[in-house]
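First chain A sits with chain B, and in the next complex the same chain sits with chain C.
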Partner chain A sequence: MTLLSVRDLTVELQTSRGMAAAVRGVSFDLEKGGTLGIVGESGCGKSITALSLLGLLPDGARATGRVDLDGTDLLSLDEDDLCHVRGNRIAMIFQEPMTSLNPVHRIGRQIAEPLRLHRGLGGAGAREEVLRLLHRVGLPDPARRINAYPHQLSGGQRQRVMIAMALSCAPDILLADEPTTALDVTIQGQILDLINELVEDTGMGLILISHDLGVISESVDNVAVMYGGAIVEQGTTDRLFADLVHPYSQGLFAAVPRPGAVRGARLQTIAGTVPELADLPPACTFADRCAKASPVCWRETPAMTAFGPGHAAACHHHERRGDA
Partner chain B sequence: MRDTVLRTEGLSRHFVLPRESLFRPGETVYALNGVDLNIEAGRSLGVVGESGCGKSTLARLCMMLDKPTAGRVEVLGQDLTKLSARELRRARARFQMVFQDPYGSLDPRHKVRRIVGETLDALSAADRMTTRDEAIARAIDAVGLRTNDLDKYPHEFSGGQRQRIAIARALVTRPALIVADEPVSALDVSVQAQVLNLMQDLQRDFGVTYMLISHDLGVVDYVCDDVAVMYLGLVVEHTSRAQLFARPAHPYTQALFEAMPRIGAGRRKRAVLQGNIGSQTKQHSGCAFADRCPRVQSRCVREKPDLRKIDNGHMASCHFA
Partner chain C sequence: MSVFLARRFLSFLITVSGASVIIFLLLEVLPGDPALTMLGVDAPDSAIEAIRLELGLDRPAFIRYVDWIAGLFRGEMGLSYVYKVPVTELIGQRLHVTLPLAIGAMVLATLVSLSLGIFAATNHNRIGDYGVMGFSQLGLAIPDFWFGILLIILFAVVLHWLPSGGFPGWDEGIWRGVRSLMLPVFTQALGLTAIMTRVTRSSVLEVAREDFVRTARAKGLSRRAALWRHVLRNALVPVLTIGGLLVATVVTGTLIIENVFALPGLGKLIFDAISNRDLMVVKNVVLLFAAIVVVVNFVVDILYALVDPRIRIQS
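Up next is the complex of A and B:
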């Protein structure tokens, strides 16, 4: 059953050079209990996509399209109704657990806030629930740590607190925006394991946003690759990584250094850098960096075309590759 | 026998924290606890470890940006800890550094020409006059930027280009050693690959030797010939990259490999370490890794393992390696 359906989501942001589209016609579905990974480099629109689901876009931003959660279009909700969605139906964890926790409040109080607002718990009931949540996310010695301030915890522990807060109202969807980017690799493993375990146990859906193909590949069943505000390739994790179709996905994959590779082999690079939003090519946003680009790429926006079961890409040139 | 570019002996750095009570002295952070390293010319060394392992402290000490509590640093046979400030300034032409953040490490009010040329001030006045413009042009060309970029300001460049400028600044004095502290971790994957390729080219064309600090095993593997793995201020394993990736000996190195996300490996549970890196304010009587080690025995808590030879050119500090 489809829980979240995003159709033609376009978000325009105010920049110093006028309105520029940060997200361009993004469509995806999330099944109940499904897991989706959104992968891409900085400026590809992955975070803006996530923020628009929660109505947290910056001032002056304009979002069009549809974001249906169980039949309700989230883009049409007013601030009061959105408050019922945030934390309650869709919860979010951010990249930097230090800046997303309030430094002057004890963590117990911060985790209790959504319990108070959405579930009407208070006093002893809230405290008990906070302890249960802290225990659930594996924070050692919860009874003592409930009174700790964020600065007294390590990065991994702070991320566990963020996850406890996100879990507090048993959301339908957990939105995790680069949840492990600020963490060390062994701690990253612990946090990703915890997120996966919680998704399996509670049956909530997961949207995991990351720049790291490895993290995505190990954690979700479906993947969308974004570049320049558009989804350029999407599919099930197995099929997508078995046969990358879009030149950008291929380039991203080839650019990652892998330990144990043949000595002297050079990394493949993608020419140039990610352009600013206002400078993105009008049709296919990857046209100016793509080795295969031809005039049609500058004229027409490529449509998402099925490339196999559960695998689609938006590239004018991928049929030709299929023939060869 | 090749020249030794960098040698450290028993290098330690302890920081004393401000006291929190009138009646107790401040705590001590044991950031680096006796590191012996040897880098031969042309054999770049990668230093890998997680935050708090002392890898950045090591880099700063090797660059003499900080004074060691104990031990010595030799660059091309010269003991840097014994030099006067004046002599050190001259010596700096032979070892240079590239920092992690290309936004913070370039002065926003200076043009690229001045940023790159500033390191030449460390050279003697005579050298400076004759070769300055030529040296700057050569360095900027070597990192793949154009001469007319010299009259621009840092904000006109992207992150990857700024890191190229930082590399040009390090390269301009033709140093034997470049210490690079997480040079690509602030960059996007596609740009990171460009900078790593550049670093590899410069190694070949200019004969520079790197000490590359990184948390990313893939990055270290790509640029370096040898790898040292650090944990809580100590080197726990040191060997050639081929050995390390084929036969990691220390349980911590093995855990690092295990935790590394792999593309296309499918959903998996990462058999990882429990808990966090231990406290840096504690001195360990046994193995510093004992409290997280999956193979821990009672001996590990009692007895500190030495960094010992376990195979040809392969050192590890574990009782059971």
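Up next is the complex of A and C:
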């Protein structure tokens, strides 16, 4: 059953050079309990996509299209109704656990806040629930830590607190925006495992945003690759990684350093840099950096085309590698 | 916390001691003989010598300094050369005017500037923001003595709502006292409000951009709730800093305000004392001003620690 359906989502942001599209016609579905990874470079629109689901876009931004959660279009909700969705039906964890917690409030109070807000829990009830959550996310010694301030915790512990907070109202969807990027490598694995475990236990849907293909390939069933605000390729994780179709996906994958590679061999890179939003090519946003680009790529936006079951890409010059 | 308090108290003692030395030395090197001022330039030398003896000015400076400080520990500040009454008594009387004036101005400025600053920040780059910033710019540009005179012209001369100056004393009724302090308080609050409004606004704007505010919103808090519960307390730290520093401005500002409004307060007392070379009054009042400023900043430090737990741990 489809829980979240995003159709033709376009987000325009105010920039110094006028309105520019940061997200261009993005469409995807998330099944109940499903997991989706959104992968791409910084600035590709993945975080803006996530924030638009919560209606937390920067001032002056404009979102069009449809974002249906159980049949309700979130984009048409007013601020009050969105407040009931945020933290309640859709919860989010962020990249920077250092700065994402309020430094002047104890963590217990910060975790209790959504409980108070959406569940009407207060006092002892809230405290009990917070303790349960802290225990659930594996924070050692919850009874003592509940009174700690964020600066008294390590990065990994803070991210656990963020997860406890997101989990508090048993949301239908967890949005995790680069949840491990700011953490030590050893802690990254623990936090990812925790998220995966919680998704499995609670049956909530997960949208995991990352630039890290390794993180994505291990954690989600479906993947969407974004570039320049558009999804250029999507499919089930197995199929997509087995057979990358879009030149950008191929480039992104080739750029990952691998153990066992020839010593001194140059790491593959994608030519050029990510252009500013306003400078993106009008049709295929990857056209100016793509080795295969031809005039049609500048004229027509490539449509999402299926390449076998559960795998599609948007490219005029798709080329299949290996067997699908 | 007790270590924190002990350290702050020690620094308070050091600062005030340093201030007392500087004040004493300054008055030593300042030209003008109190005896000469009291008796006039035509007085015979013998009379002047007698007065100097009476005031103890014949003794070495060091002895007089130690005498002064020892007296302070006993709660004595000596006799005013001019009024012939204990300085403590003079200060006590004058505080009845200056304290309500300074506190009133500070409280009014804090209330108004917090409201205006928050209002401007929540209406960032809109008409309300521009209006508040314009007012603040004006408040910074207008000299307070001139603003005081404008207020006198409007409220006392034209409208006859409030007295133009003077202070009847609290014995004449609270309301009469309050009425005569209203214009001085407004006058003094103007500049303070202008500065603190700006600080509040920029501080709120800065904190509102922090990640944890986005977290608060992602929990489902409305913009307003996020502002009250997450932004304001964090935004308070710079406001406290500036507020503490401004207390020095308020204290010294009473000199001008009390002269404009002919109020018998500490500012007026020290102004007259300087004109009359009443050094006993000058040095004690100046030291009192210094102590007030240091104490207020001590209190501000404690408030910091209450507002921001990170400061508690560091110190």
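Methods note: the second predicted complex is superposed on the first by the 317 of 324 C-alpha atoms of A that agree within 3 Å, B and C clash if a C-alpha of one lies under 4 Å from a C-alpha of the other, contacts with A are read in each partner's own complex, and residues count from 1 in each chain.
By definition in this document, a contact is a pair of C-beta atoms (placed from the backbone, for glycine too) under 8 Å apart; a residue touches a chain by one contact, two chains touch by 3 or more.
Because the structure is a prediction, the values reported are computed rather than measured.
Per the definitions stated earlier, placing chain B and chain C onto a shared chain A by superposition produces no clash, and the two fit side by side.
Looking at the shared chain after the overlay, A:P171 reaches neither chain B nor chain C. Of the two partner chains placed by superposition, only chain C is touched by A:A91; chain B is not. By the touch criterion defined above, A:S217 reaches chain B but does not reach chain C. Of the two partner chains placed by superposition, only chain B is touched by A:L267; chain C is not. By the touch criterion defined above, A:P179 lies against neither chain B nor chain C after alignment on the C-alpha atoms of chain A. With both complexes superposed, B is the one of chain B and chain C in contact with more chain A residues. Once the two complexes are laid over each other on the shared chain, residue contacts for A:G205 go to neither chain B nor chain C.
Once both structures are fitted on chain A, no C-alpha atom of chain B lies closer than 6 Å to one of chain C.
Partner chain C is touched in their complex by these residues of chain A: 54, 56, 79-80, 83-88, 91-92, 94, 96, 99-105, 113-114, 117-118, 149, 151-152, 162, 165.
Of all residues in chain B, only 50-51, 158-161, 188-194, 196-197, 200, 215-219, 221-222, 242, 245-246, 255-270, 272-277 touch chain A in the complex they form. Residue ranges of chain A in contact with chain B, taken from their complex: 41-42, 140, 154-157, 184-190, 192-193, 196, 211-215, 217-219, 221, 237-238, 241-242, 251-261, 263, 266-270, 273-274. Residues of chain C that touch chain A in their complex: 210-212, 214-223, 229-230, 233-234, 307-310, 313.
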